Structures are given as structure tokens and as C-alpha cells.
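Common to both upcoming complexes is chain A, partnered first by chain B, then by chain C.
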Partner chain A sequence: MEGDSLFDKLSRRGVSRRDFIKFCSAMAATLALPSSLIPRIAEALEKKQKPVLVWLEYQDCAGDTEALLRASKPTVGELVLDILSVDYHETIMAPAGTQAEKSLTDVVKNHKGKYIAVVEGSIPLKDGGVYCCIGGKTAKDLAKEVCGNALATIAVGTCAAYGGIPAARPNPTGAVSVKEAVPGITVVNLPGCPMNVENLTATVVYYLTFGSLPALDRLGRPYFAHGKRIHDNCERRSHFDAGQFVRKWGDEGHRRGWCLYEMGCKGPEAYMNCPVIKYNEGTSWPVQAGHGCLGCATPNFWDVNTPFYRRLPHVPGFGVETTADKIGVGIAAVAAAGVAAHAVAHAVRKKESKEETGTQGDKK
Partner chain B sequence: MRAVENALGITVPDNARIIRNLITGIQYVQDHVIHFYHLHALDWVDIVSALKADPAKTASLAQSISDWPKSSVSYFKGIQGKVKTFVDSGQLGPFANGYWGHPAYKLPPEANLMAVAHYLEALDWQRDVIKIQALLGAKNPHAQTYLVGGMSIPIDPNSQNALNAGSIAFIAGLSGKAREFVEKVYIPDLLAVASFYKEWAAYGGGVGNFLSYGVFENDTETNTANCWLPRGIIKNKDLSTVHPVDHTKITEYVTHSWYEYKEGDAKAKHPWDGETDFKYSGPNPPYEFLNTDKKYSWLKAPRYEDMPMEVGPLSRMLVAYASGHKRVKEVVDGVLKKLGVGAEALFSTLGRVAARGIETLVTAEMLPVWLDQLAANMKKGEFRIHNGQKWDPGTWPKEAKGYGFHEAPRGALGHWIQIKDGKIANYQCVVPSTWNGSPRDAKGQKGPYEAALIGTPVADPNKPVEILRTIHSFDPCMACAVHVVDLAGKRITKIKVV
Partner chain C sequence: MQRRLYVWEFPVRLTHWITVVCIAGLSITGFYIGSPFIHATSADQYVMGWMRFIHFVAAYLLTASVLVRTYWSFVGNEYAHIREFFYFTPQRFVDLAGDLRYYIFMNKNQPRSAGGHSALASIVYLGVWILLFVEIFTGFALYSQSHYGGALWTLMGGWLLFLFSAQTVRLYHHLIMWVIIFFIIEHVYISWITREERGGFVDSMISGYRMLKER
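And now, the complex of A and B:
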């Protein structure tokens, strides 16, 4: 069985060739790859052995672990049984205590330089790292050992990628990202609160298919997931351009799916593929459900994007030719012209749309 | 959110109440099933033993306890084949180094195979049914829809961008699927497994005090006691009296926690006056064990009238049972009768596991009721989802304080807030796992986990599956370290609870 491919394994589980190719197509779509590459993905998956993966949790809420359970392409069952060998994951693994620790040390010893480490949660450095210890060892020392000997590390969720909520001002425990805690290692950041699990599976498949990690932006995020602004792919963009804004929760504009910019939506400054792949197998995403984007994949979003419900002061306005690299963490000068243009357009449209908005929903 | 609503005197619209009930309801159902199959079952189920099962006998067993349509011989044969392939691959992943073959595993191979099949089925089921929460709250996990004053999901039967008739149908379909699995798979499996582990009705009792804030509001008053699962306290396992809950009687100690209070460690503080100032005094890492005579935990020790309290499904079901809740009483009595045990069996590890299943069933039954309420509001043109009177912080008083009660799946969750000049002056959360995982207090009283482990037999200290059974039965929130100390104070084993 050792020499069997993924497809062999799947077919023994009753997965047809057709379903397998469908899965490869879904992967290509998530990765924004042309369909001509589907055979290559299929070929790669058929050849590969199950790569070993370990999942480490530090200062976290297990939201990314919960997200993993929602994986659909492939499902978590397929991931854990067929595609990967998830040798350590505190939440789902059977053993505990010394037996669990053995599973982790076995991987570091037996698969040195060949396994993938996934980290969920930030790592506290203050006071010698006492704020997060597992089995008496600090998160920092554990991460250094496990990530330091891994082929690559995937930081899932904004806490692992950038420090996240534990690092929010005043950052009492000195929480930092994996990259800061273990300098010099190869890290792919998959931020989000939580990460979108389809981006995690796509990253793994990218590696299995191309033998390399996906191209990353200057914040360490794959372009395939973070290359475009939410605002530019937003299903409500036409309402922004038309100056039709939600002004109150439940008003007529809100019920008709107008733009949430005035309700504090951070979509104009956020870079992620939420509008395209959505969550829970395409069921919804925040804007579709009537709530603005919080910009949860942005470094320090808890500090820089609050108050969450206050309108962004400087929206870059029109144009889709922007990336996080150009705009930067704050708002670059390139946005200034757009702001002015938008302010004028906005003032005009605000006047026009006033009569149309929300009385019906506020009857009582 | 509810603490702020309480501080500012905000009442939410009826639709917000209903949507919150639906989101919490499906969360209970999904979370409890995941807990049973994916976080707890392997303490009771030996996967490797499933390889020895006879698929035909497994099918007979499954058919004898439920009419779930999948239970055929070929189905179980297929599952067994998958497990064999997986085991033969030599890459056991998260199942490597498990306690397989441990003498504490009591299920026959057929029951193990049935449970493994349902472990896999539940993985697919949970992904599907939780879409109710994604529809109402944008995504799961981490719904993004809760607002101070209501919810952000609009309602309008004549819009494609709001909850409409299609949404009602979507939720109805998935809640039916949720309920069917609970009735036909989870509950029969729970009873089947429990019948082999009846001795666990004598272990894991804990502190004997149970607290529930009440959940699933029947009216829109903030922190209303008018809840479908009632609010109350049971003291010292006495089901004859349900005591009322007064939030001012809740305090937290830091005597054995790595914090310091300005007034010293001897006195507990109410969360409104709570302080969270770190003062680590444990050993320098890496360390092997902690000294429980000193400070040894990052959790504070919450107490009610100076008593430790257990929280969670068992507390909610006991409070409901003792309050005479009709449906809960029916199901609890039915389960006790099936297992042939008395009500005293509820105060145990097994009671905790059973209570979670009972709660799942009764909650799944309520999903269509709340959904009907939403549809009825929609029908009469009641679309309000948010009370915006206090949305602008300019409308707030200079100072305000409030508290918010909620019952998370794993237990009582309270938030306390002080607001000054439109900003948070103090915010304290007392969460389920601090109640249950509480370290000792100034009087040396143990918290529920610690108390529950006393008297638990451990056959092999290096493979302490028995300890996991009790700790996992609480559904602990965190990947945390619990240090087990025997009566002589000597460390016997170190357990990572996951």
C-alpha cells in the first residue's frame, strides 16, 4: 500500500475517477488556475504519498480548527484519512499527554525537513514565554523546534499570521506571529478570523502539484487568495458606484442589498477572496449576510480597523488595478485622487438616494 | 453584546431574539454531536477493534437500535474496508499512539465498527447542518452578525438580499436533517455505548453544585429569566429545590491563579470590580510539574456564594429537570429507564455524557418552533432586526455598567462591563471552562474537574484513558495542561487534555 497514489486510495474508498477530476477542477478554481492545468493537478495528486502534517495550537480559540472541520474540497475526512497524514493535532487526535507528545517528537525526528507545520494562534514572548506552555514547554520553544525542522510552516488565522487579537493593544503577553517568533523559517500566512479553509487545502494542493509554495504578497499571503481587494469583487459594488448605501440596520437599502460602506465595511481596504469562494461551501459571507467586512485578514485589524462600524475615512474609490502591495498597510498616497473623486460622487448620490432609503423597515 | 445592551437599557426586536435562538440552537446540536463523535468517542471506542467486527452482526446491531437507512451489511463492510486500508497504510495520523487494546475499552468489535462508521458520517453531517448558522450569520465558525441592539441579517420576503421564503425552506430542510441524525444515530449510539459503561455512573461526580443562566429566550427583555431552558442553581445534588440566580453573588478568586488583586489574594472579587493583572510565580519553563499548594493556573476560580459550580449540559438539564420542564423530564426519565439506573446516576461522568445527548435532542426539536416564529413575523410584515436608539455613542450616559448572561454549548457564560465616557473602563468574562476547570480558592475548595477526578481508577498511568473520559465529559474549551496529583501529593502522570 505504501506505493499507492492518492487516486488509488480514493478509489478504494469508492471515489470515482470523475469525482476525482471534479475535485481537481475545484482546486484549480480556488487557486485561480486555468483549466488546462487540471490534468497536472490530477497527475501530481496521483503520484504523491501522504505528506505528513502537524497542527500546533498556541494562543488561539480553535476557530481555525473548527474551520478545518468545515473543509469541503476535499472534506476533512478525506484530508485526514486519504490526502494528508495529520500526525499531531491536539483537538482531534486520540492520544493525550506523553503519548501525544511522542506523536510530535516522532514527526520531528523521522520526517525532519519533510513535513508541513500548521500553526494556529499567536506566540507570547514576554516574560520568557510563560503565558503559553504546553506540557511545561513554551510555545516559542515548541514552535522553534517543530517549525524550525519543517519543510514549511503555514500560519492559519490572523493570530498566527500577525499576532491577531492576543497582540491587540496593549498586548499584555507580548504576542507575536509565527514568523516573528521563529525568524528565518519559510511561512505562508493564511490570515482571516478564522482562515477560509478552502485556502488552506488549496495551498497544500498547490505544493503537491507544483512542488513549490504559492507566490506571496509582502504580507506573506498567497496571491491566489489575497491578490484582490474585497471591494473590487464585491457583489454590492454596483450599489457603491451608484451611491446607494445602507444607513440603518434593517432599512430598505439593507433589505435590498445596497452597499455597506456607510455601516463601516472595510472591504475597500481588505484583500481576500471571500466574495469569490465565500464560506461553508459557498453558503454566504459577511457582506452577503448584510454585515460589513471587518478586514479580519489585515495585520492588527483589531487595532487598525476599529471602530468596526465607523465609515472608512479614505476610500481609494474607483479602479481595480490595486493590490495590497501598492496600497500598503495604511492608505497610500495613490488613494488620494480616488478619495476626492469619491467624496464628490458620494455627496451627490447621497442627496439623490435620501428619499429612497429606509422608512418601511422602521415602522414602530 | 448583551452586557452592553443591559448597561444601556436596550431591548432587541423579536426577530433578533428568534435569530439568536436559531443560531444558538443549531450551534448546540452541531457542537454536541462533534463533541460526542470527534472529541470524546475515542475514549470509549476502540477503532482497531472494529477490524475484528463481523459486518453482518454489526448491521443487525445497528438495525436493532435504529431504523437509520444506511445500516446495511455492505455499508459496514465498506467502512471496515476503509479502516483496514487506512491502518494498513501505516500512516495512522491522529489515531497513532492511541490507547487501542487498553483493558478499559469494553465495547464488542461490532459496536466499535458501528461507532467508527458514525464518526465518519457525523463529519459530513456537521459540515452541512451548520450552514444554518452561515446563512443567518455570514459564516461558521465566527458568525459575523451580532450587533448591540439586534442582528445584521435583514428580513424581507420580497427581496433576494434578505431572509425570505427560500431561507425559511433552507433552514427547515437542514434542521430536519439535524434532528433526524440526532434521533436515529446519536441517541441510539449514546444509549448503546452507555449500556456497556454503566460503571461510569459511579465516577466523575464533581462538586455537586450546578449553575445554569437559562437559554433560548421567550421574550426580548435583556437577561430575561423567561427562557425555554430555565435559569437556576442546584446545590449539593439536591433536586428538590431550584435556587434563583443573582449575578451579584458571583465572584472570582486568584489565590491559586497567576494574578494579583490589589487587596490581596484572600478575598474574591465580583466581575464588575474584577482585576486581571498577571503575576506569574510558577516554575521557569521547561518544567515537569506544578505545585498545587501555590499558584498553578491561568484560570481564576469563579464561585457562587463562595461555592464552586459545575456548568454545561448536565447543569442545564438538571435545572430543567428539577424545575419540572415537561419535555426534558420526559426524555431524562426515558433515558434513565432504558439504562436501568436512577436519577442519582446523573451526577457522574456518564450522566454528563447522557445530558449532552438529551439536550441535543430537545434543542433539535425546537429549531422548527423558532423558525415558525420567524416565518410568522415575516408574514405579518414585522421585519425589524435592530434597535438603533442607542447606536450612536453620543446618546449614552457618561457612565454605565451592565452584565450579560448566555449559555454557550459548554456552559454558563457571563460578561460584565463598565462604560465610562463612551469607552470600556472594565470588561470581565467568566467563561464555562473557568467554572469547570477552576483551580482551588482561598478556602482550598476544588473546582469541578479536580473534584470529578477523585476516585477515578486508572489502570495504566501511562495510558490514562479513564482520566480523559471524565475530563472530556465536561467538553473543556482549551488545549490545556491538567496535572493530576494523587492523595500523597505526588505527581502520578501529566495529562494534556485536548
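And now, the complex of A and C:
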């Protein structure tokens, strides 16, 4: 059924026209597009041929696949991705072994330059890339072949986008992002731990509608998903401004939904649309559930945003439990002690040698 | 006999006191931003909001003050001039060692300063000037977080957060506060104990005149 449009496929799966239009409006909202463009999205999805999409999985926890498959009752968005991703998906496809590998090489051969590659997981480079091999090929070689011949690559999850947890210090496998492993290719990064499927769907819908990829920030993330700060859209922000903070897990403030800033929330440093679209069909997101943001869509978040439950990182070179303020109080105490000691000694000395003092200048 | 010497010109005195007020305000509000010690009792309060507002207004004021003072170090008198601070001759280092030894009672000769700064003072002020610049630079980079992506963001140095992580920038912005507090404690004390020898304490920074003993 190569010539089918997305809408044909959707209606065959029992999606009503009404649900379809609702989906198109939700996509327009996610993409921060004016509602006047909804008909254009609907038209594109109705008429355009579905792009071939392959899903590659390397060093990861399959969290993004999990996010894709999350619900028991599939939504339109899921069906879109489901329909799109039939060609190859290591974790969920039916064929196995050489048969499966063949479908991948077929895509690369038959749709060269026209398919979309979705990559989940980081790619190890150390020791010739032996730490992640599929069908006897290293992840690096596979990515080079598949992403190198794709129209565009979408790196889903922080591992594929920036190396993620496998690349956290000391990075034993030499893990890198897709962009670093295959330089020169067109990549859209959709980081997050996991990424939000809503954003993946929106990226694909954007491509179908406009024939181009959405505008990206300097970390290769679409602005529509990563252009706004968590902290600025957070439902607990009014408690932040008021000065109402959770100070201990389970305390009065925590029960009343106050701001998690003092518990190490990294919302002030993080850029993603979680507070707006939320996860699992708009059910919730970490801060709503009472846990601070980890800034999981930030490069190296595992290294730079830790400790997760404190405002500031530990001071390099000092003990792990030493906070900046402990050192600061130490500095101030040294200053005060120096002053006090000097004042005493100065008073004593002044008495002793009132007449003897000269200046260095006098010697010359 | 005393000689009245005009040392601190008006812009020097003005920026000095503006900087004092700003650093005090920035340190108190900055400390609150780092560890909110006042806990609001009701949601219609605006404690963090005000703290941040004061921090940012004082930040702009401090920036202006530091820039004016920097400008004055090119056009001001010899005591304010950049040469007074960027002045590294071998003799300077000898004097510096002497000054340090004086303050730890290993040397009885007072720091040499014909009206302006002693060797130790000028190098310390140079250091403080650099610290304030780093604080302004990191502060505006943090400030840019609420203006992601635009021209303003670039202007404010948001890219610094990509060079280092946002958390690293925050940490250094925070730690430098303590280094500045260290400086202030020593600065006030040394100004006090040398008030007679150097011809004035707070008053000289108000009037601009130092009363030097004529020898």
C-alpha cells in the first residue's frame, strides 16, 4: 500500500475525521503554529505519501521506544508513528535475524535520500566500536550507512542527541551522539530522558506539511519543543516568586505543591515543553508529580546537573559533601580570624614601637 | 604639619560608594536566591520576586558603575589611572613583598604610597576589578536564561552557558560572592588600621582629600 496517504491508513484503523482534525490542531499547538495553518496540516497528512521511517537502537535503555508504545489505547499520534515506522524497528519489529537486516538494507537501497532515520541510543567509538554491534556490524558503521543515506536523521532521547548516560564520566565505551559519530549529516535532536513522543510526531508532521525540518537551536533541538524554559512555564512558578519552597520531601510545602527549587530542581536551567504538553497523553510531568526537573534534555546532564537534589554542583577539588556556602563561610571566617589576630597583634606592636616606624620609602 | 592632597576625584568616590551599596545588595539578595532563607507564609507574598528584582536592578547599577570607573581609569588623575594598577616593575614586586610582610608583622616599614595606592593595594584592586567583571559576565549569562535564543540572549552572553554548563556558571557566580566578601572584610580593616598613616578612612573617600604628614 505504498501510495496510501496517512489519512487513508488512519481511517482504515478506525480513526474518525473528527479525531483526525483534533490531532491536527494539537500538532499545530505543539509546533506553536497559528490555527490558520491547521487546514494545511490536515491537507498534507491527507494527501502526502507517508515517508519511510526506520528506527535504530544502540546504547540506550529503550526508554524512547517505551515512550512511543506507552499507552494501551493507541492515540492518533501513535498510529501516525506506528504507521510510519513499520519498515524497521529493532525492538518491536516482527522479523528477526538476516531477514530483519535485509529489510533495513532494502530501505537504504530503495529509498536512498528519501527516508527518515530515527536513532535511539549513543554510539560507542572506543576500541573500534566493539561495544555495540548488531548483525556483526558496529553501531558506528551502521549509523554511517543508514543515517548517511537518509533524508534526515532524528536523534531521539539524550543518548542519541548528546551521548547521554552511556557518555557520562568516565564514559567507558567512548559513547558519542549520532551527530558526532556521523559528522555532516542532517540531524534533528529530540533529547529528553525519554524524549516526548508528542515532539517526535510534531517533527514528522512539520516535515510532511512544509517539506522542511523545523528551526533548530544551537544544540540542534527544534525551537518549538526546546525554545522555552521549564521554569518560565512551570505551574509551581507562583510559589517560586512568592518564596514558598519545599524544604524536605514530604513536608507541608511538598504536600501543598510548592516550588521544588531548594530540592535541586533544574527547571531554571532547562529548556523543554514538558509543562505544556506533559507526558503520557498529557497526564503529568515530573514537577507535577512532585519531583524536581533534572534538566534531562541538557547535554551531559548526568555530569553537569548533578547532584540532582541540590541547587549547586559540588565544588571541584573539595570533598563531595562540601557545598559552595560551606567553603564561602570558611573563606569569610578566615578573613575575620585574620582581621582579629592582626588587630590584637597590631595593638600590641603599636604600643611597643610607637617611635620606630618609618615607611619603606624612607629607606631608599 | 599636614598636607591636604586631593586624591579621589568625584567619579572615583561616586563609583566607589555605588559599588559598596550594590555589592551589599547583590550579596544579600544573591545569597537569598541561592538559599532562600525567608519562607513566605502565603502565596500572595512576592519574596523571591523582590529579591530577584533588587538583584537585577543592583546588577545594572553595578555594571554601570564599574564601566564608568573603568572609563575614568583612562581619563582620571594619576591615582585613578590604569597605570596605577597595571604597573609591574621589579620594584613593584619588591614593594609588594614588603607590604605583605608588613601586614604579617615581619617588616616594620609601612607600605609606601605617596597619596595613592600601595603596591599591595593596587594589585588587590586590580583583582577585585577582574572579579567584578567576572561576576557581571556570569550574572548576565544567567540572566539570559529567560531570554533564550534572541539577539538579547547573545548580547547578554548566554553562549557562556554552552561553553561551560549553566550549573558551573552558577557555582562560580556564587563562589565569587564569598571571595568578594573576603576582600571587603580585609579592605575595611586595613583601611581602618592605616587611617592615620594613609591620611583618612571613610572621610577621604567622601571628601576626596587625604591628610598626609609633611616630612
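Throughout what follows, the second predicted complex is superposed on the first by the 289 of 364 C-alpha atoms of A that agree within 3 Å, B and C clash if a C-alpha of one lies under 4 Å from a C-alpha of the other, contacts with A are read in each partner's own complex, and residues count from 1 in each chain.
The rule is short, and it goes like this: contacts are C-beta pairs under 8 Å (C-beta built on N, C-alpha and C of every residue); 3 or more make two chains touch, one makes a residue touch a chain.
Keep in mind that what you see is a predicted model, and the values were worked out from it rather than measured.
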Check your understanding: So, does A:D19 touch the first partner chain B, the second partner chain C, both, or neither?
Key -> neither
Review point. If you count the residues of chain A that each partner touches, which comes out higher, chain B or chain C?
Key: B
Check your understanding: Now for A:N300: first (chain B), second (chain C), both, or neither, which partner does it touch?
Key -> second
Practice item. Check whether A:K102 is in contact with chain B, with chain C, with both or with neither, and answer first, second, both or neither. Key: first
Practice item. Considering only touches as defined above, state whether A:G243 meets chain B (first), chain C (second), both or neither. Key: second
Practice item. Using the touch definition from the top, say if A:E269 reaches chain B (first), chain C (second), both or neither. Key: second
Practice item. Using the touch definition from the top, say if A:R311 reaches chain B (first), chain C (second), both or neither. Key: second
**Study point:** Contact residues of chain A, present in both the chain B and the chain C interface
**Key:** 360-363
**Study point:** Complex contacts: residues of chain C adjacent to chain A
**Key:** 34-36, 38-40, 42-49, 51, 95, 98, 103, 105, 108-112, 114, 145-146, 148-149, 159, 162, 165-168, 170-171, 174-175, 177-179, 181-182, 185-186, 189, 193, 197
Check your understanding: Along chain A, where are the residues that touch chain B in the complex?
Key -> 1-2, 4, 9, 12-14, 50, 52, 57, 62-63, 66-67, 69-72, 75-77, 80-81, 84-103, 106, 127-131, 133-138, 141, 172-173, 193-194, 248-250, 254-257, 278-281, 283-286, 288-291, 294, 360-364
Check your understanding: Once bound in the complex, which stretches of chain B touch chain A?
Key -> 34, 38-39, 42, 47, 78, 81-82, 85-86, 88-99, 120, 123-124, 126-127, 130-131, 134-142, 144-145, 147, 149-156, 159-162, 278, 280, 282-289, 298, 381, 383-386, 388, 462-464, 468, 478-479, 481, 493-498
Practice item. Please give the residue numbers of chain A that touch chain C in the complex, ascending. Key: 217-219, 223, 227-229, 231-232, 238-245, 247, 261-262, 266, 268-269, 271, 298, 300, 304-305, 311-313, 315, 324-325, 327-329, 331-332, 334-336, 338-339, 342-343, 345-346, 349, 353, 356-363
